[in-house]
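In the two assemblies presented below, subunit A is common to both, partnered first by subunit B and then by subunit C.
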Partner chain A sequence: MSKRRFFKNIYLSLRRIWAETSRIGLGWVRSPAAVFFTFIYPIIMILLFGYLFAGEGTTTLYSLPYLNEDTYQVGNATLPYYPAQELLTELGLNNDSLGEALGIKLIPVNFNTSEILPQNWMKEQNAAYLLRIPKGWSAMVNASLLNASAPKALVQYYYDPGYTSSTEVMKIIDNALKELNAQLFNIETSIGIITTTTPEREELSYIDFYIPGIIMVTLSTSGMMGLVSTVAEGRRNGIIFKMSATPMKKWEWALAQEIWQIIISLVIALLTALTGVIAFGFQLSAIHPLHVVILIFGSMTFAGLALIIARFVKSPEGAVAATLAFVFPQMFLSGSIIPPEVMPEFLQQIARIFPLYYIAKAMRAAMLEATLPKVWLPLGITIAMGVIFFILGSALTIWKKD
Partner chain B sequence: MAPQKKDKPNKDGLKTSITMFFKRVFGFVSASFIDFRRSPLTIFFAIAYPVILILLFGAIFSEHTQTLNSFTIYIQAEPDAGFEIAPGMEINLTETLLTTLATMETNDSEPLFILHYIPLLDEHTIPIDPGKYLEEVDGYFCLVIPANFTMLVYNNATSANLTVIMDENSQSAKIVYNIIKEVIYGFNLFLAGESETHIDMETIDIYLEEKIEYLDFLVPGIIGVALMNNAVMGTINRYSSFRNAGLFRKLASTPMTRTELVTGETVWQGFLAIISTAAIMIFGWLFFKAPFGKAAWIIEVLDWKIILILIAGVLGFTGLGMIGSRFVKNPDAATAAANFLAFPMMFLCGAFFDVSGIAGVNVISKLLPLTYIIDALRATMITKNVSLAWYNIGISFAFGIGFFIIGVILTNIKNE
Partner chain C sequence: MKLENEHAIITEDLVKKYKNVVAVDGISLKVKKGEVFAFLGPNGAGKTTTVEILEGVRTKTSGKAYVLGYDIDKRQDLEQLKKKIGTLPQEFNTHQNLTVRENLKFWSRMYAKNLPIDDLIALVNLEEKAKERYKNLSGGLQRRLGIAIALVNDPELVFLDEPTTGLDPRARRETWAVIEGLKQKGKTVFLTTHYMEEAEVLADTVAIIHKGKIVALGSPAELIDKYGSENKIIVRGSSSKTRDLIHRTLFQLGPMETAEGEVMISTKKAKIAEVIDLLEKEKVPYRDIITQRPSLEDVFLNLTGERLLGERGDED
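After this line comes the complex of A and B, so read on.
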């Protein structure tokens, strides 16, 4: 092949890739609903995850019903303590700002425990938790003040295990009890703890670390599901089959799909980051130029994977189910939403098979100067995945009518 | 006699209309089923997706797989000469603290903390900043113990402080911090001459007798999510596909009405919902119940009201899918619209974790149909709270019928 012909082939290839990318883009632009939902989805995602998982812009306030059966205990002359009242004060009774700081709102309830058991009352009321200060509790505490070997004075915490917040509420009560214990029994804090954050993270908040992960979760879900559906649909209606009658090559078509996914990814990432800035004060300074590289190869990885999945599914339902079957475990195991270290060891190992695990790792490592040296391995894996999945996606694409 | 003669054709007409209605609905469902059956991979994924959901969340949250992992923490401890609290009786709190941390164990008898020591000086005898060191090794928690810590504790009127340097964005760091806090509380009690607290808390699981665990609450949540995803995403994608394939235009030239089409779609989604529900229950039982001596679980959770809830859910979510599909024309937009409807609901309705304490979110969750479907399933299958079940079933049907009617109104096959 002459040099001239070689360059002409490249030129024609680029033209075909450009034409296909433009076609996809035009189809997208001409569908207002596509534009709207493509943009609204990442905004919803960042707002949702920001509020739910990063705890930004919202306060967590658990409503804690309490049953104080110890109301007739008013202390005695020698020990004028009323510990039940003091415990409730520690938990923010009549002090909204303390309650908000603790994350708890006390709700007084009144029922007769000889007529209905607390657990049955909770089931009837569909209550998640209940703090019960039993009758005589203050007297027991006062007895302990006089006699160190007196039995422990116990309050009762009833909880519904279906509510994950029951552990949080339990911790709040436990801390209040410890505080009260120290106050009543003059337990000095001989050893204190001063907490500081690591130097480079001082200026950054939780959301700053969260947003890169959320961007990738959004791209992996919308990108993969969109492309799989589009290809499944294109095969069903024969558009892709018609491509085989054109000079376009499969790899050119696949590359055009990937380029479009990269363009949309960059737009989505920008939109997500800007929403993060407006809604949660996300610091754009946390963004490193390497994030763009990760984003490009990450999008290529998901687009390539989508082409591979699309090779095997024929119907739109199949496309949705197959993508969800991949996207869901990836989303939860990759460390973008749930930290991997809180999962069982075997799940942490399974997480490593998902591309998002490495992409999210690279995104996080690129955020800080101190962790930048650790970015190269996950970045290398991300780039390799982008290239390999593109090649596989192109190779496995078939242009025949179903 | 005359009115009887006049009524007869009407009755026959009505009977024929009803028969034809069911025949056409059946025809649509049969076509969907044949299409489904002819794609083995579609069948696989339709079953695999809910199974993956239950296995994934079961593995993350099940008490049988839950163990406290080991945590790697960094320690920078200055030398501690100890303190003689009585003649011949010396105490070294630094050593005691480090030994305590080193000997703590997980429920699998593995060390709870893997301790890494940060040297005080580097090779050029320059002091090492533990914060920077922690960042360089990508650690999340460092405990700094000051020089002659024991002496500080016993001699100082004010408290002697340990310094914790932690990545405040790390979940593990928070867990470790809480454990260390407990340990230090124990040390403070000991130093105050107390062996234990005088006031404490007794925790009571209200479903202890029924032996209900967190996974039991998760199963209805996952059924709800699978039901919603199948119906919303499936309907939007199918309708978008039908539109692109010109199927609506073709249907417009047949006697099939939009009510029949929508009913057919709902029945088909109902069929998929039953498959998903069965798959979730069977695999949840096989992996997380039967091996742990709870073979009867699958029978205990069965209740006829589940069928009612599934019907309400399918009506609502298929209706929602039809509403969504009305506004999208191409598969790309269909996916984005489906994600837009389904994803927020999945996280806002308490399917995986409860949102009752999150201000704002707890109000939004009450406006979403999935919340009531999940609550109805939990009350029916797990807590057996009949009044709560009926309350939620009622709301679910209100949502279901409402969305279904709107879906029928918005589906206009003639204009397609």
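After this line comes the complex of A and C, so read on.
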């Protein structure tokens, strides 16, 4: 082949690839639904997971009904005995700022336990928990002050195990009791804890670690679902086979799909980062040029995977189901949203089979100079996955009817 | 390596099997360059499968095929071939959100050699719809765009798979005019259809296909002459007495059938003038006389025992 012909072939190839890429873009721009979901989905994801898992800037206040039976009458007034009152004070009674700091809002309730059991009351009131200070509790506390062998003074905590927050509330009450214990019995605390952040991470917050993972999760879900459906639909309506009757080659067509995925991933990343800045104070200084490389090869990985899945899907309807079956486990097990270290050991091993595990790891490692040396292995794996899955995906794409 | 040949397409025992079904059963044919070759048969006969194999978009089970001298089994030959052919699939579709012009521009960029977009739009009379998105076009206009797309690269050979299915009679005739125009430009057209009139009007050569096999091959006239029924001369009279008189006068011409108000004579030899002479000589009154020539429908029926299903009772 002459040199001239060689370069002409390259030019024609690039022209075909760009024709398909720009065709996809034009079709996308003209599809209001596609544009809407491309922009809305990452915003929803970052807001949802940011508020759920980032923790900062949000206060969860658990409403805790309490029944204080340990009271006495002075005229028309009902007054609590001292240690009971002190316990309630430790739990933020009449002190909103303490209550917010503890995460508790005390709500006084009044019912006769000889007429209705506390559990039944809770059922009627649809209450998740109830703190009951029984009559005589303060007297028992005072007795313990005088005699260490006196029976322990116990408050009662009723809870519905169906609420995950009931454990949280129990811990708060337990801490308050320990505090009161130390105070009443003059116990000096000699053991404590000093907290220090890892170097150069002092100014970063939890959201700064979530953003990269959420970006990749968004790319993997929307990118894969979109492409698998597109390929399945293209086979069903015959456009792919019409394309295969032209000089366009399979790998050129696959590359055009990948290029579009890369373009859209950069848009999604920017959108997610900006939303993080506005909603959670995400620091743009955490972005490193290597993030772009990771995004590119991460998108190639997911696009390649999408082409592989599309190979085995018979219809556009089946495409959605097949993609979700892969994407959802990956989302939760890859460590992008839930840190791997909180998962059981066997799940941590499973996490390693998902491409997103390495991509998210690379994204996080690239955030700081201090952790940059750790980026090269996951980055290398990400690049290799991008290339391998692209080659496999285009090789497996059905380009001819059987 | 390209074989130089006067034929645009040569197939030798082409076969396509699916598990228990033989869709294409040993098809051997030759299509001359510059002719319109029609594959005529009902739905499910194997026309589309054959065409797709020749276009290189479907695998075959066995057999050989050479298209424009290229061996479709060789990857490099197939790559070269795709630059020179145009295709209109039976279930044609293109990009829904692109306009007519944008679609033509897109498909043009698949090829090194293109015809001007405006010429293509004019060829299929889509000037007024050039800025309309594909999804907003009627079925007939979509099909016309499909034909234009099949011609973007000024191909030597065009495959048109059921090009007028679903079109109204006027749109169908307009499409026929386009196909005839291609022939005048020296293009080879490989056409599949289940409309016998379409094959009769357009084709230089017709291959009748039935259950994956070619059952007859030749020009429309040759096929009709060889396999068609006899001519029918129909004399319409106004009364049963007239019909009896016609019977007695014309019985020597050939077998007769009588239907409501008319007498049908099947004859290969007799001409209508001869019948008129006979009737006038015997002073037999009649209302009118018409001739019904055999068609490819008759050819198909005689060869296969089944109807082709044309415009009336069309399964499409």
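Throughout what follows, the second predicted complex is superposed on the first by the 387 of 402 C-alpha atoms of A that agree within 3 Å, B and C clash if a C-alpha of one lies under 4 Å from a C-alpha of the other, contacts with A are read in each partner's own complex, and residues count from 1 in each chain.
As a convention for this text, contacts are C-beta pairs under 8 Å (C-beta built on N, C-alpha and C of every residue); 3 or more make two chains touch, one makes a residue touch a chain.
What you see is a predicted model, and the numbers here were worked out from it, not measured in a lab.
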{"item": "Room on subunit A for both subunit B and subunit C (clash or fit)", "value": "fit"}
{"item": "First (subunit B), second (subunit C), both or neither touched by A:19", "value": "second"}
{"item": "Which superposed partner A:60 touches (first subunit B, second subunit C, both, neither)", "value": "first"}
{"item": "Residues of subunit A touched, compared between subunit B and subunit C (which is higher)", "value": "B"}
{"item": "Which of subunit B and subunit C A:289 touches, first, second, both or neither", "value": "neither"}
{"item": "Touching partner for A:27 - first (subunit B), second (subunit C), both, neither", "value": "both"}
{"item": "First (subunit B), second (subunit C), both or neither touched by A:237", "value": "both"}
{"item": "Which of subunit B and subunit C A:245 touches, first, second, both or neither", "value": "second"}
{"item": "Minimum Cα separation, subunit C to subunit B, after superposition on A (Å)", "value": "8"}
{"item": "Contacts on subunit A seen with subunit B and repeated with subunit C across the two complexes", "value": "27, 31, 237"}
{"item": "Residues of subunit A defined as touching subunit B within the complex", "value": "27-28, 31, 33-34, 37-38, 40-41, 44-45, 48-49, 51-52, 58-63, 83, 103, 118-119, 122-123, 126, 128, 141, 144-145, 148, 150, 152-165, 168, 170-171, 173-174, 177-178, 180-182, 184-201, 204-206, 209-210, 221-222, 225-226, 229-230, 232-233, 236-237, 312-322, 324-325, 328-329, 332-333, 338-339, 341-347, 365, 368, 370-371, 374"}
{"item": "Contact set on subunit B toward subunit A in their complex", "value": "35-36, 39, 41-42, 45-46, 48-49, 52-53, 56-57, 59-60, 65-67, 69, 71, 93, 129, 131-132, 134-136, 138, 153, 159-172, 175, 177-178, 180-181, 184-185, 187-189, 191-192, 194, 196-207, 212-214, 216-217, 229-230, 233-234, 237-238, 240-241, 244-245, 272, 327-340, 343-344, 347-348, 353-361, 378, 382-383, 385, 388"}
{"item": "Interface residues, subunit A side, partner subunit C - complex", "value": "8, 12, 15-16, 19, 23, 26-27, 30-31, 237-239, 241-249, 400-402"}
{"item": "Contact footprint of subunit A on subunit C as seen in their complex", "value": "18, 52, 55-59, 79, 82-83, 85, 87, 89, 91-98, 102, 106-107, 109-112, 133"}
